[in-house]
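Here come two complexes built around subunit A, the first alongside subunit B, the second alongside subunit C.
Coming up: the complex of A and B.
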């Protein structure tokens, strides 16, 4: 095909080179935007975190020493990262069957399902979170149901508990898991499953040996999105988790807005960002390993 | 003149940038920006203060920009030479930061018509107090049959799991802790009794809300029946038909003065002073005191009536006698340590 585009030029190789050069410049506006509005603030954040005192008069690593010197801070970081793991695991557990059901349904059922999956994205996180306050409250739907069925004698405390928060986050972040899963599962060749069945594999064996490994890229992508969204979900964490459960986003807010301790807030932000990046890289490594596994 | 692609692109980008950042081309002639509080405060100020101000200044252009005091400080301190706000509203804690960081210009007291009519506690030349906020006991009258009269009532065993508080991030939460310390022998310099009292309160605690707004919604959800609460937040719930009442503790209603400040280097300093003048005027404060706003007046010429007379004070004398003010200069020094301690010790 390259021969057709070549008239007047020395050859396909030289024709391709300048074109790559020009296409590259198309990314420049976005790159400039990122440099001004993302990289610069990020560098400023690092700079602020290197002030030794809240009044920002001298430099030093004091904020980082303060953070790592107190077991309480590490517990907050740990509980935030763990919250993300719990939410991601549950979202995967509930999201996978939904995505699988989608790929197995007829076109009419598919449009209904995609509407159900997308619908939460069309309302704001604040609205979805408030719905959970109504569901989990003392006079809420869950408690009324438990009381009327006689399963509980007094209303249970569901709101402002970690269990309630995990449930709310799983629902709020569900589309982020299901959509990548649907993409991967839809691309899966159904003949592969038929072949494995024909060769004597039962449904579970077929799933574990064929479907699951081939959908790993979707699982990794979904987990990445869900995890990053869950650990940083400031609104849901504070409205459903309450005021005494401290996670990193609220901790940063508290230090910045209430206490004006910008250097410490910046240091916590950097530590949090690096930790989340670490977890994300772990997911990515898993993803890469899974590719090797699939092609092997 | 011929235009080539590049020139058209450059012109297009410039136009785009100008519409994105209109301040680039019209830096000097902008509207007066009044940073008010969010929600019902914004409604009250838009409906009452703004019309009065426009009448007094021959329809000067004004825009309301509702946000929290701390956000106003963040915005102004990020652009001290050319602040995006002309008039700021401050709670007592943030007010001291504004003065400490030199972000406000003094109010021209000598030229003011209404300043000397303010209650003495509101006559602050750095920025006069334009209304009070009051914190007392909020309760659900359908569940709490005998109206509470004292902060100690929160500790009654019958309210097991029914008491709500907020954490110390908010002015409400911090003021509650200071008042608790005061009623038990401590104070702004000795918060120990408050933490000890909170430990005893743990069996009764149904919720520690992240902010006062969330605390108010917990009444609506039936999650809690009694809590410290802001008078104005309660009025909003009452207007929506939620069964809540406000009770004055016998040790006094915790009061904060909300002050209005002219931002330093404001290009509209004269208009900013005129707006604060309107906010102090007795006719404005009288209207704000009535339904549906219920804003507690600082002008001594305002005749109390309605819910304010019934629930807060029937006149300025009773107001002076029943209001308790805290020393926020001491609180601000200690607050970081208290919040850290609250983070660590209070688990429900």
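Coming up: the complex of A and C.
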């Protein structure tokens, strides 16, 4: 480009400049899309949250003051963030062995496992959640089994409990944890564990000292995706959790659709978003630290 | 080596052999007794028996897929053989895991722990074996001194050159005082100049400690230059186990003759045999005497006669036992010239001749007579099935 318009300036620096100079224009359509459909609504949300009253007549920080002044609101936020932690921890606990099994299996077993792992992504969340209602209900599979085995006298209450919700979310979000873990674990050189064994380390030592630290980037990525998905899982939270438990997505929905208190709904949305972002950033920091640790 | 030492001597004063020698025990004998290994229907290792003496450096040499790496993995305990016994020292180790066998192993890609420093890598085996902190530190220092990497102790593997990484792998393997050292294609990942340096360095360490060492390689030059004895493997079978001189000068099978060094393979028919020597009438129109190592040839059998290019000379006067031909191509390779000679039956024979400074090369089309240096340098083998 420069070579044509100003041949006298030809050189490594000037030759490189037009390449960097023009390519960003390729990102313009997407940037415009994001500006219109993401940034603008977000700014609108912030603006709406700054109305002092539900009728949106004057501005003020009243909504935020109201949110943080009420222990109930903080409890909803706290239990939502905690729900994410529980789901993420359990998903990691069940997902890691699954990912490890995948990397240690033969090609035929791998195709079978990947189908099992991906399958939840191929069905709608609504369908998967209804399946959980069938499993956990009073007359569901779990209760029937417990009763027929004589392990319980009367049907247990599984649906509309936090335990049931966590179990459902763990299953629904499992692919988000397992797929990044598989990617990281597959990249591990199998000779590393052979070397560890030959040097006298048992399988547990080899796992704790070699496999686990080297799979940290995958763990962080998986936890990040699972956490963000679990705390915002409106459908599963509402259907399996029922009306007994209130989490932030459902709370926002109530304020908007049922109570028409848009400024308060906007304010708690902002609070929720910032809180989740905070947790995500914490994960990211951990991830960066672990990357430095692994690739230093 | 002189260059290697002088290049590093500013950082590394004299090592203390006395202290280090006592730190690594002398090698032990290793016996592979009738080892067979099958993967499903295919046999990777077929009834291989090797008796390796204490302190010996043995190379397992063969093309890829010959079973040499499988044999090494069986020896280390990463794989259980289908049949046979592995004896290290005076113990049958078949039921022992890798850690119980006292083997140190250096992998082809070194398999250094990427998230640990050099010192942590070397300390890994010692810590796994529950050594005391001070003992670990002292041992790590000694090993890093041994491989001349004291200055690199806090670096990560990625910050090291290939040769340095290999020395870390070696220090890590030797730190646990193994009774045998296994090297899996140890020089394959190094460039040519560095390879020679490391070959000398490893050979010296091995000599100094007298540690029994088994090295897997597909590189015949590496095997010939480093090993006390070479086990040549082909398709899972042991073809020959002997000193480099044995393997090179007295190959026992057609495969060994062709795989180690280069050989002209001339087809013919046995005229008569007596006392391990056969007279073979070649298709090229000459009768040559040759040693018959496998002793299955009798008069009338088809045979392949092998003779190395350097064991042929271009004769000036006519005599019996000469092959007539014409020069097709001359390749001056510095110290020697390789001539490609076309024989009367249309076959090609390579012959090398020392290059005399200033002497003209033989022009293509020149009629020449090829003569083996002696009948002992010609070897006749039965024609393998399907060849």
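FYI, the second predicted complex is superposed on the first by the 280 of 296 C-alpha atoms of A that agree within 3 Å, B and C clash if a C-alpha of one lies under 4 Å from a C-alpha of the other, contacts with A are read in each partner's own complex, and residues count from 1 in each chain.
By definition in this document, a residue touches a chain if its C-beta (ideal position, glycine included) is under 8 Å from a C-beta of that chain, and two chains touch if they have at least 3 such contacts.
None of the values given here were measured: they were computed from a predicted structure.
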Touching partner for A:201 - first (subunit B), second (subunit C), both, neither: second
Name the chain, either subunit B or subunit C, that contacts more residues of subunit A. B
Is A:189 touching anything from subunit B or subunit C once the two structures are fitted on A? First, second, both or neither. second
Counting only touches as set out at the top, which of subunit B and subunit C does A:106 meet: first, second, both, neither? neither
Figure out whether A:213 sits in contact with subunit B (first) or subunit C (second), or with both, or with neither. second
Applying the document's definition of touch, where does A:260 land relative to subunit B and subunit C: first, second, both, or neither? first
Counting only touches as set out at the top, which of subunit B and subunit C does A:150 meet: first, second, both, neither? neither
Touching subunit B in the complex, subunit A uses residues 72, 130, 133-134, 137-140, 157, 159-160, 238-239, 241-244, 246, 250-251, 253-254, 257-261
Residue ranges of subunit A touching subunit C (in the complex, touch as defined): 189, 191-192, 194-202, 205, 209-210, 213-214, 293-296
List of subunit C residues in touch with subunit A within their complex: 76-78, 97-99, 103-105, 107, 109, 111, 113-115, 124-125, 128-129, 156, 158, 172-173, 176
Touching residues (chain side subunit B, partner subunit A) in the complex: 68, 70-71, 73-74, 97, 161, 166-167, 169, 173, 206-211, 214, 217-218, 221-223, 335-336, 339, 343-344, 346-348
